[in-house]
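Each of the next two complexes has subunit A plus one other chain: subunit B in the first, subunit C in the second.
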Partner chain A sequence: MATREPETGWHGENSDVNHLRGRAFEATCLAATAFGLVSVLLLLLFVANDAFRPFSADAGWLATYAATVVVPLAALAVYYYRLDEPAGEVAYVTSGLPVVGLLLTGGFAVLFIELLSVLEWFALLISLVVAGGLIVAHGRLRPKAALERLAVVFLSPVITMFGLPPTRFNWFVTDTAAALGLDFGLYYRVISLREAILMLPFVPTDWVMLLLTLVLPIAGAAGWFVEKRRESRRDGLAVVGMTTVVAVLGLVAGPLLGIGTEVWLLLVTFAALPLGVYVEGVIRRSEGVRGLAFPVVAVLGVAAGAVATSALGFAGPNPWLDWGFLTSATSRTAADAGIYPAMVGSVMMIIVIVLTTFPVGVGAAIYLEEYAPSQGLMGKFVTLIEINIGNLAGVPSVVYGLLGLALFIRVLQWPQGSIIVAGLAVGLLILPIVIISAQEAIRSVPDSFRQASYGMGATRWQTIRQVVLPEALPGILTGTILALGRAIGETAPLLMIGAAASVRLAPNSFFDVASMMPRQIFSWSSELDPAFRHGVLAAGVITLLAVLLVMNATAIVIRNRYQRTG
Partner chain B sequence: MSTETPGPDITSRPTGRAARERMYRYVLLLCAAASILVTVSIVVLLARDAITFFTLVNPVDFFTGTEFLISRNVYGLLPLLSGTLLVTVISAVIALPTGVAAAIYLSEYASDQMRSVLKPGLEILAGIPTVVYGIFALVYVTPFLQTIGLPVNTFNILSASIMVGIMIIPMVSSLSEDAMSSVPDSLRQAGYGMGATKFEVTTGVVVPAAASGIFSSFILALSRAIGETMIVVVAAGSRPRMLNLSDPLANLFQGYQPMTAAMVQINSADSVSQLGFTSLFAIGLTLFVITFLLNLLSNRIAARYREEYE
Partner chain C sequence: MTDSPSGGLSRRRFLTSSGAIGTLALAGCVQNTSRGDGSGSDGSGSDGSSDVLSGQVIIKGSSTVFPISDAMAEEFMEEHGNVNVTVDSTGSGGGFENWFCPGDSDINGASRPISDAEIEQCSGNDVEPVEFEIAGDALTVAVNNDADWVDCITFDELRQIWSDEAGVTNWSDVRDEWPDMEIERYGPASTSGTFDYFNENVVGEDTEHTTEYQPTEEDETIVKGIRDNEGGIGYFGFAYFNSNSEAVKAVEVKAEEDGECTAPSLANAKDGSYPLARPLFIYAAESALQREEVYEFIEFYLEQAETDIVQDIGYVPSSAEQRDENLEKLDEVAG
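Coming up: the complex of A and B.
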């Protein structure tokens, strides 16, 4: 600023300062911030309009639902926002939990329909539990034998899951048995526990196996969580007991509702159990109880709307995105086209990514934050790793696709376009993102926690496992869910590794050629027929975005709930 | 721990525990080193086929050729580079000023409430899958441009670039905002103490002080635009074309094929000669080198500004 002659005093006094310029600048900046948001919002409205076609409904239908659902919910939302913020949070979570639960239920239902039977799941889980039991038992019996433990840790899951490879020993056993007139069927290898269970002459019915291997463990985990939070064993047991009772009720209720006992069990586990625990907590704390009105009003409003429209004879809209779209395969005619096989492909790809990328990414983050030396040759190497991770995060996705093509298909000769190749290629793509977000989460654990643990005599690994990881877990989960959201939407790597443009049958093995949601959407985008371009395509986009929205909202809720303050 | 009753486990089994501790350390180190392995395998595997390609096609011809036609075995990179250049320039024209202005607003002007709405909003822009942006461009933006009277083709570089621009706004704005918020408050106070207005402090003090951070965000955003694939595959067409320097405006309304789109097309074509297929890796390696260098440069610049103020 130029200095002025002192006698004029503060130079703002005689309105030398021009406010207009500053105001205009501020408004321009605000407009720039809003530009991207508003244009994408408009485009989303266009897509949603194409997907749902709300204006194909009678005006009376729209008016009825506006009166029974939209107006009451909007009024409630305004009330929460203005007067009762904790209730708003409760409303948000109680409406969101069932949605996430339904999504998980759908995911597991797809898994059991397409990928493995309930019996295979049962056998898999029992074998894993036995393997875990072996490891624990070995630790108890021979606590000092560290190297032996290493062998047990690696071998016992392999043996229970896959059996032993062919050796002279097997042939010897088989030949001896044959000489004695017995036939074990052991010509090639020792059979694994998993396969033994699959061969059992009698197996429990599907719902018993699901109850034992899915409902009870998750209910147990929830019960343990409640027990720890409230320091009351009774409450924890109550959670387990209630869940089991409600699950068993499904024997009657499932068929009555026409959804089958198995789906009932999944619904109880993934939707009813978390919702029940949360609602009970809200009522007990009596904090934001009014928020519970939101989902109740929503359900009642939809029911009232349904009754009213059918009584008055109003026709509903004819959306592209409907149940048929979600449950059928793609087709040449737009009216029959659906996204189901591609959704199964995406779910299976996510399984591959979670099993491979998540452990490696979190492991790398732990090393870089907790172990990495800052000096010497190793220190240089670690700096190199850090810089490299930063750079990998900026490598274009199409190059990862090329890497997948070169490495998995051309060098390792895995089947082109298979789910495992897609999952690994996209997994490599999100690996740097997972590492960076896990590093941030681990870094945010205060050092005093670690010092306290060391002071108690814990080793570094004990400190990490018992103190650092539990504290950092919400942050790691948030980052991972966001990264998985990125993975679901990635298309370019799928094109490079040759994922199928469209498949009619859902894949049922990880080595099957499959299509994934964005790949399917891309192949619809080259259809010229307007029914595809403005109908099926829009429905696909909305489905993909809805999945992403639910995932991101979950991540944000976890972040807000567990965010370290200060 | 009290001195009279030493814990029984502290010294009794040191060997097993030490071995296990070492094992965890090495397993975790392996995880961290995996990222190096990824980079190495990208370079090695891409270079392997690229070298095969360059033994059959003169690199000079490749990098200076003005025609790209696989069916006639003509491989010139310049048409593909033209497409990439156009997308990068147009999207930069949209995203860089908008992103910086948004960063200024979020860092200097926005109230806490505004920021709590706008920042997650911008994050959402970055989270939308690129194939969706491509569909926006093809199905909604191009017809819109046609209705307002621009002579655009069905596949054109303009609507694709507009969408690329919108996609990279959050990258510019969030990194620039970080740079602006890390400018120490004392600098602002000094500006106010001199009698400067908020506008003058913002444009005269904060932005210049954050310049290196802003610049680094620009480079990162450009690198992202260069590597963007799905938007241009869906909306920019599949014809490699040289820039028409005599009529610059006409360039905007035509379809082009940037490098990334060419890679996708070569890979998904039904019958491609062996040489044509290896050209994929030559283009991929070029793309990788360009983006890798840009990212490295951006990190360097960003590291420098962090040193200045922290």
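Coming up: the complex of A and C.
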């Protein structure tokens, strides 16, 4: 067939194409982006300058550290970026892992100092394990009794954790036993396994309990991971064994370093173990090994800088954000003020939020995506609910604060300004966000997976539990962590529920009156002394931002892993 | 199929070996749960022997009294590290209405005496307020640093500025030689005791306080507003002026047209020559005073209120007689 002449010309055939509008539009968009980024960057630099006060140091101090730390690291970064990208990633991870590990160590140390003793943790964990064991054992012994298992799933944790309340049945048994001359049997209240452990006359020392309940399980998990990855049981056992040996070394090394055996155990578990596994993997794969130089250069640079500045007598800066700030309570003299109690308050609030919001939010998302009817009148109703959840995500946080005030304080009569109330109020605030992001994650599991599972004869429950949820979990976690990042910075609900302006003792129960980081920052903003508003406030903001950045970075890492495997 | 027996076998071996290790560890390293305290505690975990004071003291109320209470809390907690004294600034009225009278706080700071309505609300909840006068304040009227036209102002002129009656919008409406510039008013919110005091003593009971101003619970905001507006005027406790004396300019005040202009200062407030001098109070719930930690804290507070701590913050400390009177009252109520 001969080619036909086009009957009508294409648009612009007779004139030159005008690129001007397109270029102008592109330039406008670029300007908008640049404006936003630059103004945020300037703000952050401004706050960081107030918090760290780098220019209060001698010029020599700055020059020394620039020469020993900044220049070598910048050179390495340029090298990785231009020539060796895998090494760049290795450098990124090996620098980031210790930071996250140290933060986790700090978190657990705070947990053991403020919230519960090692013995209580030990008892709690043992009880949970026993409860889990009971559930698994029941599943093995009576795999068919689904309804019975439901009761076991709910009752066994309750019994091992809280025991049985005094009931007529216990009284009856005890009284009958006593009448028969037998002085045993149920007492008026059956104590839980947890309480029984707490009452033992002799328990292992703190470090043994930590080793058994924290180091070994995490080392075991790491070993299992390595074993799966390399298909070598020996390597997995080696990880567990070496971790245990290094942990036990802490008996000597901990006191020598002046940090105590317990802190050593935490450090080994959260910082050394992940770093060791990762570095070993890098070396074995010999992929991006040069990236390992980055943290080494950083540490050596800091050490060299410290030696050089002290030898030359250069005075360092006098930052507001220092170790004392992180570990002391607020004070009326700006130089002594710290954020520690508020930080503990924030951490405990996050615990409440995670424990309440995550199950509720994910449960709601699963129902809405997998079970809820999508057709007919009920389908319309479900659509209405989903629209309303979307709207709730946009409701101002003050309103949630009022809701918390009315519901938890006025109706339930819980103490004003307590952590549980703060956590629940802020939890309600992020609940719609958690639901929506979990829904997105579940929706992104391809329908073919479900069909395949049904095709194999699986039930809907089995499909959800074994196909949909594992596939959607990274997405759910990412969304939840980002929502938690919003939760930790919320101030208005805390003000509404009466979190106090000045709290100097870290809370050690969920019903204590506490302050949280944003609340503390807000109260510094109205202090008499200007040093609070410029220095201490900036230090508080940087601390909060650092916590947020770490949370967001974790979310990004989880998402990236998911994309790689998925 | 092929790897299941070997997996089971080594899992069993792993379990036995780890169990053995665990038993060894348990046998070797145990501690006594009574932890050497002796005194017959059966592991209840409350590591407080009875001479260590612990508990919680909740203070709400006036933002004017907040700096004093906060300082007292800090000093007190240096001696009694297990007592959690939390301080919050909610405004005198806000503290009474939302916290103290419902029984949610132990102590309420107030920059004015408790009102009859508040006493009624408290007694409806079986809260019996006990009043202690702890310090004196010189309520300070401040203007912008560039407002060189005003150095001294009368109660009558303040009344004109802070009520809607006179219809004043510009400085020139008040006094003819003042410039034709709009007045920007910054003041405490109506939950504040400072507001109540000013309303009662300057604006007058029969006149309404103006609503044409920026109300806030944060005195810092008032200072900022005045600093940034040439026509700004506002009032707050002396302590906030004391620590911001470069940011704004305090105005001398006279009660009558033919009176003497007096500058706000602690000395003038002490000798009574400053017309806007006022007492500051804390109110403790009688039932809360039965708790040892609250009693100890109040006792400490009343004793320290006579010292330089209060002076350093920018208030007039209570006199020695005032202190003794307060302590006597405390003994009477709690004893």
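What we mean here is this: the second predicted complex is superposed on the first by the 515 of 566 C-alpha atoms of A that agree within 3 Å, B and C clash if a C-alpha of one lies under 4 Å from a C-alpha of the other, contacts with A are read in each partner's own complex, and residues count from 1 in each chain.
In the analysis below, a residue touches a chain if its C-beta (ideal position, glycine included) is under 8 Å from a C-beta of that chain, and two chains touch if they have at least 3 such contacts.
Being a predicted model, the structure only gives us computed values, none of them experimental.
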Subunit B versus subunit C as contact partner of A:L537, first or second or both or neither: first
Touched partner set for A:S117, first subunit B, second subunit C, both or neither: second
Which of subunit B and subunit C A:E26 touches, first, second, both or neither: first
Which superposed partner A:L257 touches (first subunit B, second subunit C, both, neither): neither
Subunit B versus subunit C as contact partner of A:I385, first or second or both or neither: first
First, second, both or neither for A:L198, with subunit B first and subunit C second: second
First (subunit B), second (subunit C), both or neither touched by A:A137: neither
Contacts of A:A75 with subunit B and subunit C, given as first, second, both or neither: neither
Which superposed partner A:L431 touches (first subunit B, second subunit C, both, neither): first
Partner, of subunit C and subunit B, that touches more residues belonging to subunit A: B
Footprint overlap on subunit A, comparing subunit B with subunit C: 498, 525, 533
List of subunit A residues in touch with subunit B within their complex: 1, 10-12, 17, 21-22, 25-26, 28-37, 39-40, 43, 46-47, 143-147, 149-150, 359-364, 366-368, 371-372, 382, 384-385, 387-392, 394-399, 402-403, 405-407, 410-411, 428, 431-432, 435, 456-457, 459-461, 482, 485-486, 488-492, 495-496, 498, 518, 521-522, 525, 533-534, 537-538, 541, 544-545, 548, 552, 556
Subunit C - residues contacting subunit A, complex: 10, 18, 22, 25-26, 29-34, 42-43, 45, 56, 58, 66-67, 70-71, 73-74, 77, 81-89, 99, 104, 218-221, 239-240, 242-244, 313-314
Subunit B residues within the subunit A interface of the complex: 1, 7, 9-10, 13, 15-17, 19-21, 23-25, 27-36, 38-39, 41-42, 45-46, 48-49, 97-99, 101-102, 104-106, 109-110, 118, 120-122, 124-125, 127-132, 134-136, 138-141, 166, 169-170, 173, 194-200, 202-203, 220, 223-224, 226-230, 233-234, 260, 263-264, 267-268, 280-281, 284, 287-288, 291-292, 294-296, 298-299
Complex contact set, residues of subunit A against subunit C: 117, 119-120, 198-208, 211-212, 216, 233, 331-332, 415-417, 498, 500-505, 512-513, 515, 525-530, 533
